[in-house]
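One structure, as structure tokens, below. Some questions next.
Letters A, B, C and D mark the chains in the order given here, with residues in each chain numbered from 1 onward.
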Amino acid sequence: MTIATDQSKTNATAGVEQWTRMYRRMVMIRLFEEQVNELYTRALMPGLAHLYVGQEAVAVGICEALRPDDYITSTHRGHGHCLAKGASPDRMFAELLGKEAGYCRGKGGSMHIADPTTGNLGANAIVGGSAGIATGAAFSSKHLGTNQVTVCFFGEGALGQGVLYEVMNLASLWKLPVIYACENNLYNEYTHYSETTAGDLLARGTAFGLPAESVDGQDVRAVYATAKRLADRARKGEGPAFLVCNTYRYTGHHVGDINREYYRSKQEEQQWKTERDPIKNLADWLIEQKHNDSEALDRIQAEVRSEMKAAVEFALAAPYPGPEEAEQDVYA
Amino acid sequence: MPEVVQRELTFAQAVREALAEEMRRDSRVCIFGEDVAEAGTPFKVLSGLVEEFGPSRVIDTPISEAGFTGVGVGAAMTGLRPVVDIMFGDFLTLTMDQMVNQAAKVHYMSGGTWKVPMVLRTTLGATRRSGAQHSQSLHAWLSHVPGLKVAMPSTPYDAKGLLKTAIRDENPVVFFEDKMMYKLKGPVPSEDYTIPFGVADVKRVGRDITIVATSSMVQVALGAAELLEKAGISAEVIDPRTTWPLDEKTLVESAKKTSRVIVVDEGYGRYGVTGEIAAVIAEGAFYNLEAPVKRMGAMHVPIPFSPPLEDVTVPTEQSVFEAARALCGKS
Amino acid sequence: MTIATDQSKTNATAGVEQWTRMYRRMVMIRLFEEQVNELYTRALMPGLAHLYVGQEAVAVGICEALRPDDYITSTHRGHGHCLAKGASPDRMFAELLGKEAGYCRGKGGSMHIADPTTGNLGANAIVGGSAGIATGAAFSSKHLGTNQVTVCFFGEGALGQGVLYEVMNLASLWKLPVIYACENNLYNEYTHYSETTAGDLLARGTAFGLPAESVDGQDVRAVYATAKRLADRARKGEGPAFLVCNTYRYTGHHVGDINREYYRSKQEEQQWKTERDPIKNLADWLIEQKHNDSEALDRIQAEVRSEMKAAVEFALAAPYPGPEEAEQDVYA
Amino acid sequence: MPEVVQRELTFAQAVREALAEEMRRDSRVCIFGEDVAEAGTPFKVLSGLVEEFGPSRVIDTPISEAGFTGVGVGAAMTGLRPVVDIMFGDFLTLTMDQMVNQAAKVHYMSGGTWKVPMVLRTTLGATRRSGAQHSQSLHAWLSHVPGLKVAMPSTPYDAKGLLKTAIRDENPVVFFEDKMMYKLKGPVPSEDYTIPFGVADVKRVGRDITIVATSSMVQVALGAAELLEKAGISAEVIDPRTTWPLDEKTLVESAKKTSRVIVVDEGYGRYGVTGEIAAVIAEGAFYNLEAPVKRMGAMHVPIPFSPPLEDVTVPTEQSVFEAARALCGKS
């Protein structure tokens, strides 16, 4: 099942500094994840993490279309969503290391980063687990008349979870301002989505009365333009939407998933990286449009890289919470 | 209970009044559930609310327990105080992920930043001839889960006071109503009052034996206590009112005083409420007990439909009376 | 949202005695339920019951297209399904009264009648609760090569339950011989389905790759013809299907639901009863076609009526199980 | 354990061997789950099975726990013996309706006519730094439900023998494997053997105190017993092996012998396994106990991610050792 991208969608209407910000955000996510992998391989990070490398344009393009007070819900592969919505890398690294300075005081970890100040309702380690929360947040916004929009990020694997259809039906009946953003990176863990997903992806939304669109998830301009349109629509009270972003994760399902040949070919990975890299694509366009020269972009890369280094240093140096913290925050 | 009490309300009326008063007091309170609006639920507990508060606050949902419970969680995180209605407690099976992996953990996992001030109202109780999928009492599951609070009113008075406390609580609260108690009448003050969680209520003072009971089993225990009185046994009846937080102190004190204890709960007897409370008392009153704590719960079987079968699966005044007499060595 | 019936579907290819059997079965269901209501009003039946009156053509038309060893799963409104699949009224009444002679020894009751001898996997009191069981039975049939077909009966209210979509996706991926038969009688308890169901009903099946059809559920010939086609298709290994049967329940949600004006008008009820009664429709056609004369049909009515009376007598006279039965059959 | 035992296998290998042998013995046995085929599950427990038995018997499913568990129930009713794989026990929340309202009740509700011979294999256990939604031990919920059986192996030997029994059982069995034990090695005979349900195993004979432990807590208890030995305290370690059916007799006998008891289970301490077992022992050994039964379960909090926090939420050799010493008045 192939999903074509309507090229007209790439007629985005953002200014240079906005494009540049999106470029910086994508670079930030990529380099953040590089550091995470580094921390894992150097055995400095407890547990595992699911990297967002390759999918940067989805989170960045969508969050660029949102207001600071708009809500998002995220997934086990959530670092990119958090950063794109405005989280700061130092407190994220601290959370990944279980330090008290982390967004969740170290109690959440990689799969549970949440941050009210950026409207992040939380990453979720239950596949499809945040669909209800996102829909409820949209209910509140409509009920309270705040004009906020909620984006529910999930991977195509979550299409297997019935609760997603239950809440899309509710959102459709109640015309809630929520966008269900399905990141189709082709794999549910180690299984190709075509083995787990019958029928047409877009129909999963239209069957419940939601307008459904698909977009090239490696083209941040297309993602932004589409997300902007759907978010504005939702804000105007025109109801929810179902958005499929076609993308790819460059690395393993998690940092420990090294040998992947049994479920996908090196060549497939190579092709995506060389031909459809979202950061390179935007860079080429920015230069071609004379919005930026490559030096400027290199400077951004360098700045972000040192920012990430500093953030990691901060997190490594930060203290753990005291054991007594274990019994705190169970009840509000 | 304050002197002023005059009015009598049914359990259902008390629940409805608590909801109506809280909805008037706080515009953030809204109700989600199946047939909660015009129909007022199959038990008619919510009759009249949609007429007063309108369909934007008393919201009929599709038959999607997981979905609308999840919506309740998200709505609670973002400024509302949802009261989610799950018609039969048996359907909690469909909401466990939303309640346990989401509602109960959001505050803790987010390091105390997000809160989930929601209430899930549901029912428990057998003997309604409703069959195995409409008769379970699954409150032990929720009591087992950190992050949740669990209330189990046994009288109209407690129902109103505990429900108001639940709605004002900043945490997810699961509120169990025995569907067989809705018509039970009792005094309920018309003025505003709340009942704190974690405070057991001595429903009857006694000397010889303590009967700890929950929900409608409190009524069963009080009936048994009458019979025991006639048999010359003075029974104290204690209702924890909330299984979590649990008022261990009051239970243990009473056990120390009477030295004999029966725990009666309508949930399944194994790995449930009777085990927890019996263990707490056996530990706390270890040096005072004259006999092992006696546990009485639902028979370890799916609840059968046939009346003569269903009737033997749950504790009754008679069975509690006999167990108490035996425990006091008077059988 | 109206669903048209393709009239070509009524080109059924059944013989006279088959039509007559369907007529008898529909009459049997109608008169069975009359007795149930009678038992309730005379306070002779414990609990409540959900009557199938008005929907007879759905169960009868579909089950006529099945083999005796084919499977069905049923619902809280299941008496019609059980009878249509071949259950005997006396043991059903016995079950409704909680007697030992009942299909479940009195342990199940109205909402849990099950019968291996007629392939009835059981009625279910959880809305949508039998979708998994039905799909699993279809998996067995395919895995074991028995060429059995399973029909999963459910009301349109079950479209609210996510598990239905989870298993339709599985059935579609694995090409299982199962028909998801949605009986749209317009109401989920006391709420019109349009208030609980967004989008188009048929799309709920097609979105998961299932061929979807709708049929006039008051026309037993149309139901039979469509079910036959879909069952044969499934038996041939061509996979599952989604079938919407448009129908109506004449009486309350359950026997205690007497005053219904607050959710539907008497006039609406009257219209369905007079203009679209499945039994009357078939009778008119049988007579018009000279397959039967009205005397013959009246004779059938009379026979069935006395059969039902006898069955009720049997059940009323039958003994209850002994209390020791309560602890039996928990484990096999 | 028979003398012949020579081989050592890991816990994961023992589970895999049991499945492979049963699949060879009985063509009706098949496996459903996420990434169970080529991937052999994220824990690699099933590696090699799809190669031997093919994709028609080792079946990769979508991420639909409720859906494929329900398919397992239906398949079990109609001639197959499904083994359903639920990757993390935390996801049981999604399967509760299928397991509790369907699988557990089908046989009873149908008056004994339909059967559900299925196994649900899943995991439990914390300290893997997996966070609050991947670290729970929810076996108490299933043990609470009539119609289900619950097995909790603590060694490779028990894992193989109990899993074979589970697969051959005519009822739905929930089989819990501690994900932290998969690499644990132990003797496992190569010949066919089964371990009956409801028979506790005395893992270590002792005189002064009884430590009842489940799953990986048995290993913790054995470690604590070693420390106690050095402190001059002889501890008996008993593993019920199945929480339902529960071998009350063996537990009570040991308690009567030693007169002091600790119950250690990784599930939450409240309304769970420790409460049930403590209550059973406090009743059965009432006149022999010299001290209250001590309960040790997971701290009543969602499992935190941060290592120094997570480590204090579950019982350890050290904490069990200290509790035992205190109980023996030697603190």
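Here are a few things to note about the model shown:
By our rule, a contact is a pair of C-beta atoms (placed from the backbone, for glycine too) under 8 Å apart; a residue touches a chain by one contact, two chains touch by 3 or more.
Since we're looking at a predicted model, the values are computed, not measured.
The contact pattern of A-D recurs in B-C, the pair among B-C, C-D or A-B where over half of the contact pairs coincide by residue number.
Chain centre most remote from that of subunit D: C (centre = mean of CA atoms). With centres taken as mean Cα positions, subunit C sits 46 Å from subunit A. Centre to centre, using the average C-alpha position, subunit C and subunit D are separated by 41 Å.
Per-chain Cα centroids separate subunit B from subunit D by 31 Å. Contact of a single residue of subunit B with at least two other chains is seen at positions 61-62, 64, 66-67, 90-91, 94, 97, 101, 108-109, 131-133, 146-147, 300-302, 304. For subunit A, residues touching at least two other chains, in rising order: 104-108, 112, 124, 126, 129, 159-163, 166, 169, 173, 195-197, 330.
Only residues 90-94, 96-97, 100-101, 104-105, 108-109, 131-133, 140-141, 143-147, 243-244, 246, 267-268, 270-276, 278-280, 282-284, 286, 289, 291-295, 300-302, 304 of subunit B touch subunit D when the two sit together in their complex.
Residues 30, 56, 61-62, 64, 66-80, 82, 97-98, 101-102, 106-115, 117, 146-147, 149, 170-171 of subunit B are the ones touching subunit A in the complex. On the side of subunit D, the complex with subunit A involves touching residues 34-35, 38-39, 42, 60-64, 66-67, 90-91, 94, 128-134, 299-302, 304-310, 312-313. Residues of subunit A touching subunit C in their complex: 159-166, 168-169, 172-173, 195-200, 203-204, 206-210.
Contact residues on subunit C toward subunit B in their complex (touch as defined above): 46-48, 98-99, 104-112, 124-129, 157-162, 188-191, 195-197, 262-263, 320-323, 325-327, 330.
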